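Chain nomenclature is as follows: A, B, C and D, assigned in order of appearance, with residue numbering initiated at 1 for each chain independently.
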Amino acid sequence: MQRIGVFVCHCGSNIAATVDVEKVVEIIRQEPGVVHAEDYQYMCSEVGQAKIADAIHEKGLTGIVVCSCSPRMHETTFRKAAERAGLNPYMVEIANIREHCSWIHKDVEEATKKAVILARAAIAKVNLNAPLKPGESRVTKRALIIGGGIAGIQTALDIADAGYEVDIVEKTPSIGGRMSQLDKTFPTLDCSACILTPKMVEASAHEKITIYTYSEVEKVTGFVGDFTVDIRKKARSVDMDKCTGCGVCQEKCPSKKAPSEFNRGLSNRSAIYTPFAQAIPNVPVIDREHCLKFQKGKCGVCAKVCQAGAIDYEQKDEIVTEKYGAIVVATGFDVIKLDNYDEYAYSQSKDVITSLELERIMNAAGPTKGHLERLSDGKAPREMVFIQCVGSRCADDRGKSYCSKICCMYTAKHAMLIRDKYPDVNVTVFYIDVRTPGKNFDEFYRRAVEDFGVNYIKGQVGKVAPQPNGRLLVQASDLLDNRQIKMEADMVVLAAAIEPNPDVRKIATMLTASIDTNNFLTEAHAKLRPVESPTAGVFLSGVCQGPKDIPETVAQAGAAAVKAIGLLAKDKLLTNPCTAHSDELLCNGCSTCANVCPYGAITYEVRQVNDHGIREDRRLAVVNEALCQGCGACTVACPSGAMDLKGFSNRQILAEVDAICQ
Amino acid sequence: MSIETNETFRPKIVAFCCNWCSYAGADLAGSSRLSYPADVKIIRVPCSCRVNPMFILRAFEKGADGVILCGCHPGDCHYSTGNYYARRRMTLLFSMLDYIGVENGRTRVEWVSAAEGVKFSATMNEFVEKIRSLGKNVRLGDLRCRS
Amino acid sequence: MKYSYYPGCTLTTKAKDLDAYGRASAQALGFELEEIADWQCCGGVYPLGSDEIATKLSSVRALHEAREKGQDLVTLCSACHHVIKRVNDDMKNVEDIRTRANNYMQLEKPYAGETNVLHFLEVLRDRVGFDVLKEKVVNPLTGKKIGAYYGCLLLRPGKILAFDNPENPAIMEDFIRAIGGEPVVYPYRNECCGGYISLKEKELSKSMCDTIMESASGFGAEMLITACPLCLYNLNKSVEEKLPVYYFTELLAEALGVKEEVDRA
Amino acid sequence: MITGKKQAELIKEISGVNPLKCMKCGKCSATCPSYNEMDIKPHQFVSYVLNEDIEALMQSESLWKCLSCFACVERCPRDVKPGKLIDAARQLLIRQRGQEYLSPDEVPELLDPEIPQQLLVSAFRRYRR
C-alpha cells in the first residue's frame, strides 16, 4: 500500500468558486491509503510546491495526487517538485478538476462530488504506480527545413549560424518562395528581390547549409532527436555539377509554351527553365511534360548547345536518406482558387486579376516588364478597382473563415504605388474593414488615402460585369453614403484569401503533426508555445501556422530556429518511460504485437525461461524502449495479455474505471 | 415496481480520451467554459488504441450506463494508426455488446481533435441525453459490484 | 426511358409552345414524358417562410406520385422546377417540414425527398448527353448567335438547385453548341428580369430587362433563349435593343426537325 | 400590442436567419437589383431586426420591391440570407395585419393578353395572404 498525499488546488477562484475544496479534502482524507490531504490557493506556486516537498519528508509519502488543472498544464511541474523532494516523479498523478470539472459545471454540489470521484480515480491509479526511469536517446545534430521560402531560409540561416548542419528541402527548382514573386514590400516599399536575394545567396553559400531544390520529403520515421527522412530529388535532367548557368539552353529551347509558374501563368517559359533570373541554384530543370525530347522523342537542342555537357536526359529521381534531430515546417501558402467567386468574373475576364498577379505585372521582370497594363488588350488602365476580402471571413463553405491578414496592407501598397507611378489612374478600394495593426501600418494606409488620393469605399462589391466596350462594370455598396455604386473600371484586382500550401496535409501526416480545419499546422500551445508543433521535435515557421506578413514570418522563423537549436544543443534526450513491456511467462511469441507497432520497436528473441520450474527455450517479444513511444496498440492486440504499458497499465486503468463507477 | 424517471436518473458515464487530441479537446471545452453534464468522467489514455475491450466490459460490469471512446481524427493519430485499430476493435465490441443487450446507443466512438472543444462538449451533451433516454443499464452489471 | 412530367399551369395556357416543343423533342430524342395525373399548381414562388406547409403540399403530391412510379420528375418551367426542387430538399433535409407535410398528406409511406427532380435541360445534359443530342440534330442552327438567359430560378440558391455554377453557368451554352448555334456569353444572363414585380412595377422590370438585353446584344447575341414563361414575358416588354426571345425547346425542336409537326398540330 | 422584441423573434423564427452572423459587408445591397426602389436597403434589414425595430420594417416599401431573385442569398459570404428576412417581415405584415399589396379589384387593369398565369399566381402568393 502506498502512503498517499492529496493536494487540492484552489487555482485562485478558478476551482474554488465551483468546487468546495475543503469538503474535497475532508472526504479524501478518509480514503484508504491517504495519509495526508490539504488544500492551497495555488499549488503550482513555489509555496505550493514546497508543501508537497514538506509532506513527502514529514509523512514519508510514496505517492502524490494533485487535484488541479489539466496534466497537460502542470504535470511536469509537480513531477519535478516531487523529484526534488526525493520521490520518483512518476509517482505523481493529476486529477483534472479545473478543465474537466470546475470550468464546465455551475452547481457547486455537483462539481464537488465529481471532483471527489476524479480524485479517487487518481488515488486508485497512484496506488498501483511504480517508479519509472526514463531512458536516454541520442540527438542527431542536424536540422531539416521543409520549404525554401523566406521562412525556411531564415530558420536555416539562424540554425546554421549557431553551428549546426541544416538541410533545406524545396519543391520547386529554386529557393525564394512567395517573397521572390513580390515586387515591393510594405510598409517601407523596398524592393522584395533586393532584400531577399542576399539571404538566398547567403543560404546557398553557407558551409553548414545544404539545399535540395526540386525535391520533396517522401517519408519520415523516428522521433524527436532521431528522425530518418527520405528525400526525393526529382530528376532535373541537368547535371548540377557540370552546369555553369549560362542560360543558352533556355534561350534556344524551341518549346516555349509552358505557363510560367513564377509569373502565375501570365507569361510562358521554355521547357528547360529556371523560374527566375536570380534563382538559386542557377541550374535549370527540364519540365518533361513540355519538353519535345521527352514527349516526341526528338529535339535535343539543349544538349547540343550546352557547352558544359550538363544535359542528362537519362537522369532519374534519386532518394536521399538523412538523419535529423529536428524538423522545421515552412511550407508557406498559396492564394485560393477563385472558382467559387465567379460573380467577380475572374474566369471570364483577363482584366480581373488577383493581387499576386498584380505583383508580377508591377514587377520589372514580370510579364509586362513592369508596365501597368490590361492583359486583354495591353492598354493602360485609367480606372482601377480593388476588392478586399475575396474568400476571407466567409461563414459558408465557399471561402475561408479566417481573415487573411496581409491583404489590407498589400492593397494599400498597390494602390499607393499605382497612384505614385501613374497619377492619371484613379484607384478605388472597396473594403469591409481596414485592418492595419502593426508598426507604421495604419500610417501607411492613411498615406495612401491622404497623400496619394486613393478612394476607399466601405462596402463589398456584388458583381463585376464585363461590358461590350471591354471595360468592367463594378456594382458595389457604399455603406457610409447608403447608396449602390455602379462604376466602370479597366482592371479589377481581387484580394483573394490565402491558404496553407495544399502539400502541408501530406507533410503533417508524415510528421504526425496536427493540423486544423483550415489546414494550418497546430501549435503546441496557442499562446505559450506558438512555434512548436505538439509533436516533439517538429517546429513551425511562417504561414504554415497561420496568416502573417514578412516581418512576422521572419520573427517566427527565428523563434523556430531557437527552439530547434535548443533541441540540437542537447547530447541526449530523456525518453518517455511509459513504454510497453512483455511478461515473458505469458508471451507466446505470436508476432501480433510487432505487426501493430508503428515504430518497429518490438523484436523477437529466443530465450530460456523458467516457467514454474520448467526451463525451456521460448520465442519472446522484446520491446526496444528507445523506440517505443507508448501508444499501447500492442497491449490490446496481444492475445495472451502479456503486453502491458508502464504508467498506463491494465490494472491502473481498471482501477480508475472502478473508482469512477463505484 | 419503481421506475427511475429521467429527472432523477443520473447516469454513470466513462469517457476514454486519448492524450493528444481528445483530452486536449476536453481541456479546450473547459477553458472555453462549454458545459456538459457532470455525469461524464474522463480517463486519460495515451491513445485510443490503448483502450482494451476489457476496460469497457469492466465499466458496464461496475455499473456504468454508457461508455464513450474519443480519439484523434482518422489520419491525425499521434501514433499514426492507433485510432484505426481502436475503430475496428470497437466496431466489433459494440456489435457484440448490442447482441447481448447493451444497446448500441450506450457505446460510442467519436473523433475529437485538440481544436474541437465545441465538438467535445456537444458530443458529451448528446451522449448523456441519449443515455438518459435509454435509462439505467441493466445488462452486464455484476450484483457483487453494487455498493 | 420514362420520366414523370410536371408541366405547370402556364405551360398549359400561355406557354403552350414551351410544352409542346419539349414533348416533341423528347420523343425525337427517345425519352417519354408521362404527365403526372391531377397535378396542381406549384404556386409559382417558393414559400420562404420556414413555417409554411400548406403552400408546399402541391409539390409534395407531385413528388410523391413520381416516387410511387419509380420515376424521376422532370419539369420545363423554371419556376416549377425551382419550387419543386426546393420543396423536395425540405422534405429530404428539414425534419420539421417533413413531419408536418406528411401529417397533412396521410400517405401510406411517408414522403422523405426520395424523388430525383430534373429540369429538362439536365435530362439533356446528364441523361441524353449533349454529344448524343448533337448527333440527332438534323437542322443545325449554324451561324446563329444565341444568348442564353438563365434568370434566377434555375440557378439559385446554388447549393439546393445544384443545377450549374450559379455565377458562371454553362449548361445552356453547351446546349446551344449541341444544336449547332454559337453561344454568346454575357454577364447579365443570371440577373433577374424582375419576376412577379412586373405586375405592378412595370418600369422597374423594364429597366432590368433593358440591362439584360443591352448586355446580350452588346456582346453580339441575335436572339435569347429561356426556360421561363415569366422571363420571356418580361424580356419581351423591354424597350432597348430588343432581341427576339424563344423558349429553348422551340430551337431544340427546330434543330431536331420536329418543329413543323408541332406547329401543324 | 405585440412588442418589437416578440416581432423580431418571430421574424428570426419564420426566416430561419441568424442576423448576428452578419459582418456588415454590404454585398447584399451591392448585388440587389431593386436597391434604388427600396427605402430600407437589404443590408439594413439585419440591423432593424437586431434593433427590434420591426414596425419600421413592416411599414417599409422594400417589402414589395424584393424580387425574390436570391442574388443576396447566393452571394452573402456569411450565409445570412437577407432575402429571407425581407420575406419574413412581409409574412408578418400579411398574416398579422391582413395587409396586402394587391387586391383582386385592381387586377383587371393590370392585365394584358400576354401575361402568363405564373405571374399572377406568383404575385398573389407574395403580395397577399
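In this text, a contact is a pair of C-beta atoms (placed from the backbone, for glycine too) under 8 Å apart; a residue touches a chain by one contact, two chains touch by 3 or more.
Just so it is clear, the structure is predicted and the values come from calculations on it, not from any experiment.
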{"item": "Separation of chain C from chain B in steps, with touching chains one step apart", "value": "2"}
{"item": "Chain pair, A-D or A-B, that carries the greater number of C-beta contacts", "value": "A-B"}
{"item": "Closest chain to global C-alpha mean, per-chain Cα centroids", "value": "A"}
{"item": "Centroid spacing, where centroids are CA-atom means, of chain B and chain D in whole angstrom", "value": "47"}
{"item": "Distance from chain B to chain A - Cα centre to Cα centre, in angstrom", "value": "31"}
{"item": "Interchain centroid distance [CA atoms averaged], chain C/chain D, Å", "value": "25"}
{"item": "Set of chain A residues in contact with two or more other chains", "value": "343, 463"}
{"item": "Interface hub residues of chain B, defined as touching at least two other chains", "value": "none"}
{"item": "Where chain D touches two or more other chains, by residue", "value": "71"}
{"item": "In contact (per the touch rule at the top): chain pairs", "value": "A-B, A-C, A-D, C-D"}
{"item": "Contacting residues of chain A [partner chain C, same complex]", "value": "339, 341-343, 345, 347-348, 463-469, 473"}
{"item": "Of chain D, residues touching chain C in the complex", "value": "13-16, 33-34, 37, 64-65, 67-71, 73-74, 83-84, 87-88, 91, 101-102, 110, 114-123, 125-126"}
{"item": "Complex interface listing, chain D residues touching chain A", "value": "21, 23-32, 35-36, 41, 43, 71, 75-80"}
{"item": "Residue ranges of chain B touching chain A (in the complex, touch as defined)", "value": "12, 14, 19-21, 23-24, 26-27, 29-31, 33-36, 38, 41-47, 49-55, 58-59, 62-64, 72, 75-82, 85, 89, 113-115, 121, 145, 147"}
{"item": "Chain A contact footprint on chain C (complex, rising order)", "value": "165, 167-168, 185, 187-188, 191, 215, 218-219"}
